[in-house]
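Have a look at the structure that comes next, please.
Order as written gives the chain letters A, B, C and D; numbering starts at 1 within each chain.
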Amino acid sequence: MAVMTEQQYRESLAKLHPRAYILGEKVDNVYEHPLISHMLNSVARTYALANDPEGKEYLVTKSDLIDEEVTRFVKFYTSVDDLLAKIKMLKFLAQRIGGCYMRCTGMDAMSAAGVEIYRCDQKYGTEYFERFKKFVTMVQQHDYAVFSGVTDVKGDRSLRPAQQKDPDMYLHIVDRDSKGITVRGAKIHQTGSLLTQWGIVIPARNMTEEDKDYAVCFAFPSDAENIIHVYGRGTLEARSMDGCDLGNQRFGKFAPMVIFQDLFVPWENVFLAGEYEYAGPMVINFGNYHRHSHGGCKCGVGDVLIGAAALAADYNGLPKTSHINAKIVEMLKTTMAIYGCSVAASVESTKTESGIYAVDPVLSNTSKLYEGKELHEVIRNMIEIAGGMVADIPSDKDFANPEIGPLLTKYLVGVDGVSTEDRVRLFRLIEKLAFESRDIVSNIHGAGSPETHKMTVLRNVNLNNMKKLAKNLAGIEDK
Amino acid sequence: MAVMTEQQYRESLAKLHPRAYILGEKVDNVYEHPLISHMLNSVARTYALANDPEGKEYLVTKSDLIDEEVTRFVKFYTSVDDLLAKIKMLKFLAQRIGGCYMRCTGMDAMSAAGVEIYRCDQKYGTEYFERFKKFVTMVQQHDYAVFSGVTDVKGDRSLRPAQQKDPDMYLHIVDRDSKGITVRGAKIHQTGSLLTQWGIVIPARNMTEEDKDYAVCFAFPSDAENIIHVYGRGTLEARSMDGCDLGNQRFGKFAPMVIFQDLFVPWENVFLAGEYEYAGPMVINFGNYHRHSHGGCKCGVGDVLIGAAALAADYNGLPKTSHINAKIVEMLKTTMAIYGCSVAASVESTKTESGIYAVDPVLSNTSKLYEGKELHEVIRNMIEIAGGMVADIPSDKDFANPEIGPLLTKYLVGVDGVSTEDRVRLFRLIEKLAFESRDIVSNIHGAGSPETHKMTVLRNVNLNNMKKLAKNLAGIEDK
Amino acid sequence: MAVMTEQQYRESLAKLHPRAYILGEKVDNVYEHPLISHMLNSVARTYALANDPEGKEYLVTKSDLIDEEVTRFVKFYTSVDDLLAKIKMLKFLAQRIGGCYMRCTGMDAMSAAGVEIYRCDQKYGTEYFERFKKFVTMVQQHDYAVFSGVTDVKGDRSLRPAQQKDPDMYLHIVDRDSKGITVRGAKIHQTGSLLTQWGIVIPARNMTEEDKDYAVCFAFPSDAENIIHVYGRGTLEARSMDGCDLGNQRFGKFAPMVIFQDLFVPWENVFLAGEYEYAGPMVINFGNYHRHSHGGCKCGVGDVLIGAAALAADYNGLPKTSHINAKIVEMLKTTMAIYGCSVAASVESTKTESGIYAVDPVLSNTSKLYEGKELHEVIRNMIEIAGGMVADIPSDKDFANPEIGPLLTKYLVGVDGVSTEDRVRLFRLIEKLAFESRDIVSNIHGAGSPETHKMTVLRNVNLNNMKKLAKNLAGIEDK
Amino acid sequence: MAVMTEQQYRESLAKLHPRAYILGEKVDNVYEHPLISHMLNSVARTYALANDPEGKEYLVTKSDLIDEEVTRFVKFYTSVDDLLAKIKMLKFLAQRIGGCYMRCTGMDAMSAAGVEIYRCDQKYGTEYFERFKKFVTMVQQHDYAVFSGVTDVKGDRSLRPAQQKDPDMYLHIVDRDSKGITVRGAKIHQTGSLLTQWGIVIPARNMTEEDKDYAVCFAFPSDAENIIHVYGRGTLEARSMDGCDLGNQRFGKFAPMVIFQDLFVPWENVFLAGEYEYAGPMVINFGNYHRHSHGGCKCGVGDVLIGAAALAADYNGLPKTSHINAKIVEMLKTTMAIYGCSVAASVESTKTESGIYAVDPVLSNTSKLYEGKELHEVIRNMIEIAGGMVADIPSDKDFANPEIGPLLTKYLVGVDGVSTEDRVRLFRLIEKLAFESRDIVSNIHGAGSPETHKMTVLRNVNLNNMKKLAKNLAGIEDK
């Protein structure tokens, strides 16, 4: 079976030597760095759970490509059930990790690219899809972790790629020859890039003919020499550096900026190179799939948010309080809309020419709209239920201090029967869930920003048909 | 095929002589009364569409009971697909009728009662389920329209049925003998009761042993002599009475109060009589199914609301205006949550002992929560987009007056190319959609009130499991 | 004292013969028409309360112009206290009338016009302000009711007045000579126009040089021969026509369309005629004042909405229920924001050159934004608290029917100690408050539409200063 | 003039030796500690601005007690204007500091305690008010910074103070003799406690006779030997410790837990000691005043949030974008409600027996309700406008690294004409504004939690009067 164990995954990474900078320093063994290791645990956990009896039900399926069992993270979506199973898998994992485990970026990029590459081949007689299947086959055989580079740095956002003062504001082809292409640019918010063996780049927006060198899709090893990963700061790093007051005890997230310093990519790994009309649809597909993914994982995180809030009420001595119950229902109302719209987007998915299924864009984007706005209110409700102590708990180091530790243990106790230590652990978790910038910003801007989701909804809904329904009922002749 | 045509349905009704009062008067031929005929058109339309090629796809399926084609309105839900098909059917119909067509109350009551009756038989050796199947078989053979009496008048809402000062505040058995039972009470908000051949009564709440005479489920002919239908006033009646300024040109809604004046019910039509522990679950089932139904029909009405708003923008000369597009997305965000959660409630339905499928209660109630609150804002957005003219358009009679008609036609025109007449028709439709009290109140209180939905969500969600997820991530040992 | 009694007001109206059409018929004695008389009661109530000891405190003040006591409805705002007193007066009246009493349109128009007329005189040496003071003096001496014609019919809303296909889509000067001007056009939503002795027209938007004939402000007698009032239909007319099931027992609202059929206006009543740069500011002033007025009256109506909801909870047997209390606080949260922002807009008002005070535009428009959106949710909360019976109560005529009346009285009772009759009266009031189209649409579109309020906020807030604050804290040099 | 300069304030602090623990270590010179010094700058800034011509207008007034100029921070509220001036001062300061400067806690505690102490003296013949005036006089003469200890640690929140397993869960008198009282307990969230010369303790809740030892109010020197300040961790500490990536360049916040280790308080500093019926009203007063204060300062911070968002749009190349403008109006809508309701709470304040003015509780608590919920959405809107880069910007240390610094400068540029450095500074500020836990949690829980505000609104609003208004309009006789 082509499913790695956690151990195999960790060993596979240990052989790599990505070029990485963290807080101003070049770091050689990134996998042991405290700012990296927590998210490494997250990804490793997906490998562990694929080998666990309960988890296997969610994660593992059969691949047509290699006729072996693989995890859903490395497989095209080829049925409604695949898309439903994805949502359930992501929810299952997020409930157990409490945040991001990165692997859906590569998974979503595969199907998103596959759909358009196939269309490109149909139109232009290119052979990208065959190449791409070979790449996916290789990934399946090794059960690699793959990240996806989508978001360019963008420069002046009112300008198209080719209009920018510096042409490198979007990743583009700077050279091409018989062996391959050379690309330059930078992708930001590259969640977990350092925890993968491979990356897939897809364009970040639609492109016109002028932008055709920006219409590029390819795969590359994450530790290629001309790839630089620069760690981006989050809000709660001091905790990891101090090794205490963590919140989520094992898992975390980071999202580097990845710079492509004239990276050479051989043709076998190039899946689009100039056919600009497929750039837009490819990233739109990616967006739709990835918003659909959020429908699963953020609902799973939502379960943790709600559980933490309900537990805090217990620990404060306020179980079954009417206003707290009302808030919990409000929280569920949002997480269920996120989840329900993603499930429905699976049910109403359609088969594309390539055999890959496309989710319903209106429903998947609506799911993300609830995440982008109302999930922030879910978090606020968690803080409101938990109480002010989320703001300013003394450190574990204070508890360890013999002069004040006993006083803190005495004074920070809650309801009888729960230790101060457990109560503080819970409040630390809530602090982490409420204030880890990379998670919160991902709720809003992950998989594109809310305005993108709104635009996608508007473009995919049949307003004319709705107008006809209204005319018909009003007795207006439809000319 | 056991599917009536519209003509057959109208003829079937014409034979009935229900006892009906409208605005203080006993009315003999209710079907031609202007306050009744518009909703008669709505129900008749469902018969017409069942015989239309496109509509048939949505409405008609095969029945195991009679081994013939029937409409979904008279069939138990016996699969996930049945539940998904129901949602799509109701959406399809609501898009074409622009409001309520009544038939889902009977449909939802059938499966809701069926699930519990079966359990009752299992426990007590009663034979209700067989009787019930006979009743349903008869309904299918004749393709009858069936309404469902659920909501009692309730008196003092803080008291249980048996505690009320007047014992008739909830419908109950006042006598029983070898031939049947005699019941007394009143059910309100009985949408379209006068347009049916039969009704099914189910209890409106959970019951204790003291309340056991209130734990009663039975079927009865809608025109039985001891049944009185009293029309309840809505907001826009003057229009129907005047025969102009209608808004929705053909369709409407009414919801009588139905009084059971010591109605005798033979045992063959009695499906629960005293087994009080099934009263609560039966109405909970009904609520869950009916909230699920709203997920379809109110999304369909939502399409009309959105279409009408978008058309008003066109007619005002403001197509593709940025703030109007933003509002349309907000409207869709709500209708998609209503629809998506109902679809997901179908996908996550479970099979009960009787073979009937139960929808997921958390998702179906969440759908209704969006209807109960956010759909009101959808309507407000429609009014906001349309503009102030929703408030106070002169009458068609003014347009017909030769002195001022031409002036009104001149002054109430909008964008070039659209006649004043069409513009006014559209604004009348919007007025109807925004201010028909029975529709708006149904959004909020139909299928139970929001607090009931919240309670149902809270009772069906596994908070303990969520607390465990939080504990696990916080490193708190789960004792 | 120049304050009429109710009787004097009614007698004053009785002498007038406005040209009015209602539901297609020309009506001679409009004041006794059932669709008019309820709002006549509203306006008459303001006269009565001005003569009542408690009401006098709110309504009556001293006028500098005539050195006598007058009501605030006919006086310029010449201090912060005037503006604060206005809010309190409007709240006081709305609490007692439960809706619109029309007189603030004229009051707001007076100060709105006064500010700009004064500026026009300063720049162009015109003598509009003196004329205007004479007009206002005359109004004060007679204590007339004055309405204000602002909203034109507008035609294609994407076009300016002079660009419209039909030049009459905005009211304009079609002729001028030594004696005066002749105007043509139509103003809609003219709340209570038939209940006044005079009207004031001000332009509905900003104007450019091309539109200069549309830049016109004047006063005219409401019953002038060339003025036609056409009644616009509302939702609940059948009740007034039937004389039962009223809701609000005495008071109501209507809002005709007023057509100016080449009306001649003598120069003494013309206060702007072509000086187009004052058209925009004048209507902006009016909007700001009128949104400020809504801060008072809609908060007063809000008190009725909240009181009705709380009373319904009592009558249903659910006093002091936790979720109902939570909803009542939500309702108050909105009405207090509406009121608080209007109070603050008074406190932060500024004196203009004319001596008239201008309210703070950001705060007054913010107040209206809460009315335009959140007040709709207040109404929904009222319906939610009251319950489904808002939708479909049988008629008083049914209660009067000897066959079913006793049954209705029996079955529609609520908590012990409250008569069914009182309970029904309350639900009728709630129905009226929830579904009277002219009130609800006024919440949204009255005093301009929400997008206008947003634009006004944006134009009046000093974003550059806020950017500087941010720069300063971020350590960015402000170049 | 009794107003210290910044220099004098810093020197005054330098003489103190409070007992402080930070991250597990006892710290001797807290004022230079990087986790303390930023908030020290905030408080020092208030002293500086009191000596600045513009700031003086807002901060300085005349004191009746010492017949000298003092800042408003050390003065009772003795008029409507005092309360209006307070709001404007706090807004002015928050705009310039971008967060908390602590001094309103002491100011609000003074008036809150004063009102009740006076009443206590009236009833019991105690002499607390005279003592208190002496204390306030001394504070004014020295222009001390004073904090206020309100929030106890609370233990099991369902239990009253005297019911707790450990009696020290609320601060209480453990001993009293002729010289004074001895108190024990712990107050949490003691914003800026280490930056003051004095503290005032008031009870955290209402008390019954059993709790009378908990009904205690007194003043104490912040560096008293038996006072321990324990620093509570916030989210962004690493930045201060690293001395880079700060966001707000100069200012910050911290909120220790303060432990009273059997502190002796001489009678001259005791202002309540057992008169339990004044405990509740005192903290209710404090709450009302402090929610009123938030109406000023959080509106000032709101201006920074809005300015930062608008500037980010500029820097991203998206000025004047329609959807961004719409979001900015939404942000203003909330900050204006916060501000407007506080202004109105001043206008509607009432004079108490002591001469101190009490704010309107409904309006001041409504203001805080908008802060507690909607301000969180203002922050989300800021993040949404700014974009994903808020999540994960590389460190200043990365920019300083010669290998990658130039690449970062190249790739993280925005619109032409703005340096990457300025853009990064702005995003750091936004990160700080969005994710500083102590600020965000203060929005929600500062001055009491939202449920407290709701309860206060409900208790102070006259629902019975509103019910009467509804009855009157419905024609229901009010018995």
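What we mean here is this: a contact is a pair of C-beta atoms (placed from the backbone, for glycine too) under 8 Å apart; a residue touches a chain by one contact, two chains touch by 3 or more.
Predicted model, so just to flag it, every value in this text is computed and none were measured.
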## Note on the structure
Larger contact count among A-C and C-D belongs to C-D
### Query
Comparing residue numbers, which of A-D, A-C or B-D shares more than half of the contact pairs of B-C?
A-D
### Query
How many angstrom lie between the CA centroids of chain A and chain D, rounded to a whole number?
38
### Query
What whole-number Å value describes the gap between the mean CA coordinates of chain A and chain C?
52
#### Entry: chain C-chain D separation of Cα centroids, rounded to whole Å
40
## Note on the structure
Two or more other chains are touched by the chain D residues 323, 326
### Message
Going by the touch rule set out above, what shape does the chain contact graph take here: line, ring, star, complete or other?
### Response
complete
### Query
What residues on chain C touch chain B, complex-wise?
21, 23-26, 151, 153, 155-159, 165-166, 168-169, 186, 188-189, 228, 230-238, 241-242, 245, 254-257, 259, 261, 316-318, 323, 372-373, 376-377, 380, 383-384, 387-398, 400-401, 403-404, 407-408, 410-416, 431, 434-435, 437-438, 440-442, 444-446, 449-451
### Message
Quick check on the complex: what are the chain D residues that touch chain B?
### Response
322-323, 326
#### Entry: Contact set on chain C toward chain D in their complex
84, 95-98, 247-251, 303-304, 306-308, 310-311, 314, 325-326, 328-329, 332-333, 336-337, 339-345, 347-348, 362-363, 366-367, 369-370, 422, 425-426, 428-429, 454, 457-458, 461, 463, 465-477
